[in-house]
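One chain, chain A, links the two complexes that follow: it is found with chain B in the first and with chain C in the second.
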Partner chain A sequence: MNTLKMKEILTRLSRVLALLFIFIALSILVDNFLEPKNLLNILNQASLNTMIAIGLTFTMLVSGIDLSAGSILALTSVLAATFFRADSVPSMALGIIIALSLGAFLGAINGTVVSYLSLPPFLVTFGMQQIARGVAYLYMSGNVFNNFDQRYLFIGKGDVLGIPMPVIIATVAVIIASLLLSKTTIGRKIYSVGANRSAAQYSGISTHKTTIFAFAASGFMAALAGLVYISRLNAAEAIIGENFSQQAIAAAAIGGISFKGGRGSVYGTVVGALILASILNGMNQLGIPTQYQNLVTGTAIIIAVLLDRTSARVEL
Partner chain B sequence: MKKIVSVLLVLILSLALVVGCAPSEPKTTEPGVQTEAPKEDGYTIALLVKDSTTPFWRYVVTGAEQVAAELNCTVIEYAPLQTQNLEEQVRQVEDAIQKGVDAIAIAPIDSEGIIPAIEKANAAGIPVITTNSKSSGGDLETFIGVDNYEAAKTLAEYMMEDLGGKGNVVIIEGNPAGQTSQDRVAGFTEVIEKYPDVNLLVSQPGMFQRAEAMAIMENLIQANPDIDAVMALNDEMALGALQALQDAGITDVKVTGFDGAKEGLEAIVAGTLFASMNQAPFDQGGVAVRAAVDVLNGKKIDDWIKVGGEVCDISNAAEMLKLFE
Partner chain C sequence: MSKDTDNNFAAKFKSIIDAIPGNIYAILVLFIVFGLICDPNTFLTFGNFMNIVEQFTILSIIAIASLLAIITRGIDLSLGATMSFAGVLVATLIHNDWNILLAMLLTLVAGVLVGMLNGVIISRTMIAPFIITLGTMNIAKSLALIVSDNRTVAANIPAFRQIAGGKLWFIPYTVFIVLIVYIIFNYITQRRRWGRHLYALGGNETAARLSGINVQRVKFITYAVNGGLAALAGIILASRLGSANPGQGEGYEFYGIASAVVGGASMTGGKGTVWRTLSGAFIISALRNGLNMAGLPVSLQMIVLGFVIIGVVTFDTFRGKTRREKIKA
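And then the complex of A and B:
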């Protein structure tokens, strides 16, 4: 076992321990924290962020970032919502397909510009964030689409054997994403491109295609999260998801995904999202005002990054 | 070379901004010719609203445009890209002054923060009318709208009466920095405090956004199982809170909004929303334009033109809904 592997394990272990610690602390402080109903509530609240953060993880693994996820979510979901008002299954299916493909397409545009034109991902996706949001505003022109077909509401509000649908969808996404990254060629390519782009290029990997794939995955996941979100909200608005990208970045940072690329895993991101959701849930239960929540989230991110820096310096 | 390119870029970008801010800009306006040209085609009135995303402000703009068409005037709408963004609104007032509009009708996002911008308009000799929310300073021709504080008291009394003077109440605030939110919260809490058996459990800001109110409500349900009433500071948030309650299978909590716009009225008719406050959004825009034209024609107008102000409930919602057809 090499030192890199060891460090990876150390990072992961520290996150799981942190989550465990938060759980123990909150179960002492909050009366009904460990009740199944509340635990499901935490999972439900973490599921949207998890979906977006998984997509973000792909872009971060190729040493990118995606600031446009929240806006892509808004644009794809308002477009899809147009189709959910007609009470027919084919129309709904069409809406879902359009949203997911548009999400992947917008992500692919991000990836293409980043890779072929070698522009900084931060700025490219920042630009896309504004463009997608702008188009969503223009398309909706102040309207709100609501009262969708009852069947559509199932994916955001329904449950199977008591487990909320968003949790199920997020879990499936987590499994597929982690299999994709660990067991397939494209997954290995993503890690190689992020770890060392030129080395990857010399070894015959198409860095362009790999980068585009990673960004498209992020756009796709944003669109998926959007479909679940508007179902949960039973309304589509151009403004939704304004701070979703930041929350996803917080989850990834807390989950130990390296901002330099090539290091981290989907599970880290999931643990990050769960840590965030548990902290927020616990604070709400304790009646701590919302204003303090940003403070705590911010501190958690900095502690996590600091932890990584320290563990990276430890000689094994 | 670099300099030239960057200057060009800045120019293009700022042009894009100007175009983006004023979509209803009349095509006949020539840039640069903004001095007192003869007004053969009626007046140009700038209408500054608080956001471009909620239906309420669309109704205000529609109302203004209808009256403007009737009076042969032009309305230029300015809405901040980021909802409830004071800094953007201040810039938009400056843009409107620069453009040389004949009058400014504004719904101030912050009653204090808007004063310097209004003073600039005063200095430029452009009459200013406030609608929806008041400004605490500057020379103002009139105010159009409900008194948020009085209207909130009316609605709260209606709610307390229905609760029989006892129960647990939650308030979902708007933007806590804005006057509208502060006035409505003050009205609500003053009435609530008169009833010793009514408990104000919590008062949290939801920024007038449906999604935020829904998230707040989801968490509140977890922590407080015995909520009797929710008073949201606008219809959007009331609908978000209702959604969260419905999802949790709770149907016995009474929720009130504040706006009396289409979506809220529909929910009242459907029996999900308990009540709302009529703010007469069409009038907030339409009456503002009418008042602006009166001022420009040298007519005297009242300091305060009241519109709306009555409680919307199951008894009148269907009738009020007809306005929105």
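And then the complex of A and C:
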């Protein structure tokens, strides 16, 4: 138990140190990097990825994965967008409820298929990725919805006391998710199912329900991120969010969420998303061409997991 | 067993039926269904069949790479991006008047290098191949963008286009390339020690290690070979299209995995054969082509493909279960 705690602390610490290092390096290289405005900018850029990555964290904790998050985001947000247009009868509450519940529902389908049929989550969610994206295309048939009701734009573009709304929403989501994982029974169940499924089952945990819950959480978070995203874009189309799942997986992996399940925390994921966002922000300001962005993301993923291994080795 | 000859005959007949891979039936059903749905002048024509074959040859090379990783209980997500990178690299070199053979050789080496990066990390650490190859996928994607400067590179040189366009009588050269690759890999995986080690490793890594198999080396070679195969597929695709853009290999890694799984490979490792993967790649190619020929919009094609993948995996899992139960009984 003690060594496990040590491991967690070391992993978490290595991430925070990495983030700190990146911040110091960039503040030397880039003028105005540490200006409040730029820091808020980084937070704002990280907020969407953070929301999706929280969902991914849930699925990865039960040793799953969700490749469909980007597509679920697209499908739920185009459906919701129908209700946000200024020229239709705007009924924002209805749109938001539909998007969030559909997201959770699609995630729950993923979870049900993965758990009851014990199929590889990778392939199931890849199937869902195709299906949800296909339905989104079908629904939009090449159209773009834009010109949303002014009030709706607030959640993507507005701010409270200077803090952008997406940052506030992401922060609330982080707090709720981490409380859910650390303080509630369902959170405990998620960790134990991920650590050892059969042990969890024998100790009376409903592994099916737990898995379904984790995948539903991922769908829900994707839908939430979609609502913020289309508000920020003031447009919705079927193609949005194509590589969002990958970005979120990257953030979670950099944040130390184990692919074998049962290890990691929401805070790690947040740090992972912040590391990615601050590197990209710094690169932009340094005028490094966008072609190099993936190179940096890829290298960051690999370095982060290698760090994970060394920190895991320290106390073993 | 039973001495009853009738029973014996029935058992024999059943074993013959069982011996025919399920995929043959799947291919038949596919062709009958699409033959009925599609306009007779579209799907069931020789020209379209050759079209399927062209798409299939490229996918089948990626599928073998996916299979190798899956047998070791790993996964290779970097294949599609490596393929794009190889495509733009070979096109750029040829565009700059390099010798074609030299350009292809260098591209293959570059592919192997990307694969070796995967191999080094995956074999030396216990980190999930999923995340390592996700990292290298990003790196290869970036390399493709950098080499091509985010533009489409023309490679419209007759000699280069011959690779995918050339035909012996009516059979494209690529079919021979694929056959050679498959024969080699079938030989290696079924008859050579390295192949046996590959399956042993996927079945039970600890047992494999304890019985003296150099697990690290097997894994390293697997991913290095995968990089080379992805580069080969990238070269063929560039030759077929006469140009290369930095995104043209995207998604192939998923279709490769789907092909291997449709061909009976199990994501939990240690299972799957080269020839059945070939049939899996053919099914996926024919399915995609058929959906297209049936005039379905892209949206519906995606939906059907999604259901088919989940359906096939479900079917395969249950078939695996019933067989195991039969063996137990």
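We take it that the second predicted complex is superposed on the first by the 308 of 316 C-alpha atoms of A that agree within 3 Å, B and C clash if a C-alpha of one lies under 4 Å from a C-alpha of the other, contacts with A are read in each partner's own complex, and residues count from 1 in each chain.
By definition in this document, a contact is a pair of C-beta atoms (placed from the backbone, for glycine too) under 8 Å apart; a residue touches a chain by one contact, two chains touch by 3 or more.
It should be emphasised that the depicted structure is a prediction, and the values quoted were computed from it without experimental measurement.
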{"item": "First (chain B), second (chain C), both or neither touched by A:N284", "value": "first"}
{"item": "First (chain B), second (chain C), both or neither touched by A:I239", "value": "first"}
{"item": "Contacts of A:V144 with chain B and chain C, given as first, second, both or neither", "value": "first"}
{"item": "Dominant toucher of chain A (residue count), chain B or chain C", "value": "C"}
{"item": "Touching partner for A:Q129 - first (chain B), second (chain C), both, neither", "value": "second"}
{"item": "Which of chain B and chain C A:K157 touches, first, second, both or neither", "value": "first"}
{"item": "Chain B versus chain C as contact partner of A:P36, first or second or both or neither", "value": "neither"}
{"item": "Contacts of A:G204 with chain B and chain C, given as first, second, both or neither", "value": "neither"}
{"item": "Shared contact residues on chain A - chain B and chain C", "value": "134, 137, 141, 238, 290"}
{"item": "Chain B partner contacts - residues on chain A that touch it in the complex", "value": "38, 41, 45, 134, 137, 140-144, 146, 157, 232-235, 237-240, 281, 284-285, 287, 289-290"}
{"item": "In the complex, chain C residues that touch chain A", "value": "75, 121, 125-128, 130-132, 134-143, 145-146, 149-150, 254, 257-258, 261, 267-268, 297-307, 309-310, 313-314, 317"}
{"item": "Residues of chain A that touch chain C when the two form their complex", "value": "65, 113, 117-120, 122-124, 126-131, 133-138, 141, 238, 246, 249-250, 253, 259-260, 290-299, 301-302, 305-306, 308-309"}
{"item": "Chain A-touching residues of chain B, taken from the complex the two chains share", "value": "20, 52-55, 57-58, 61, 81, 83, 202, 204-205, 209-211, 214, 216, 218-220, 222-223, 236, 239-240, 243, 247, 263"}
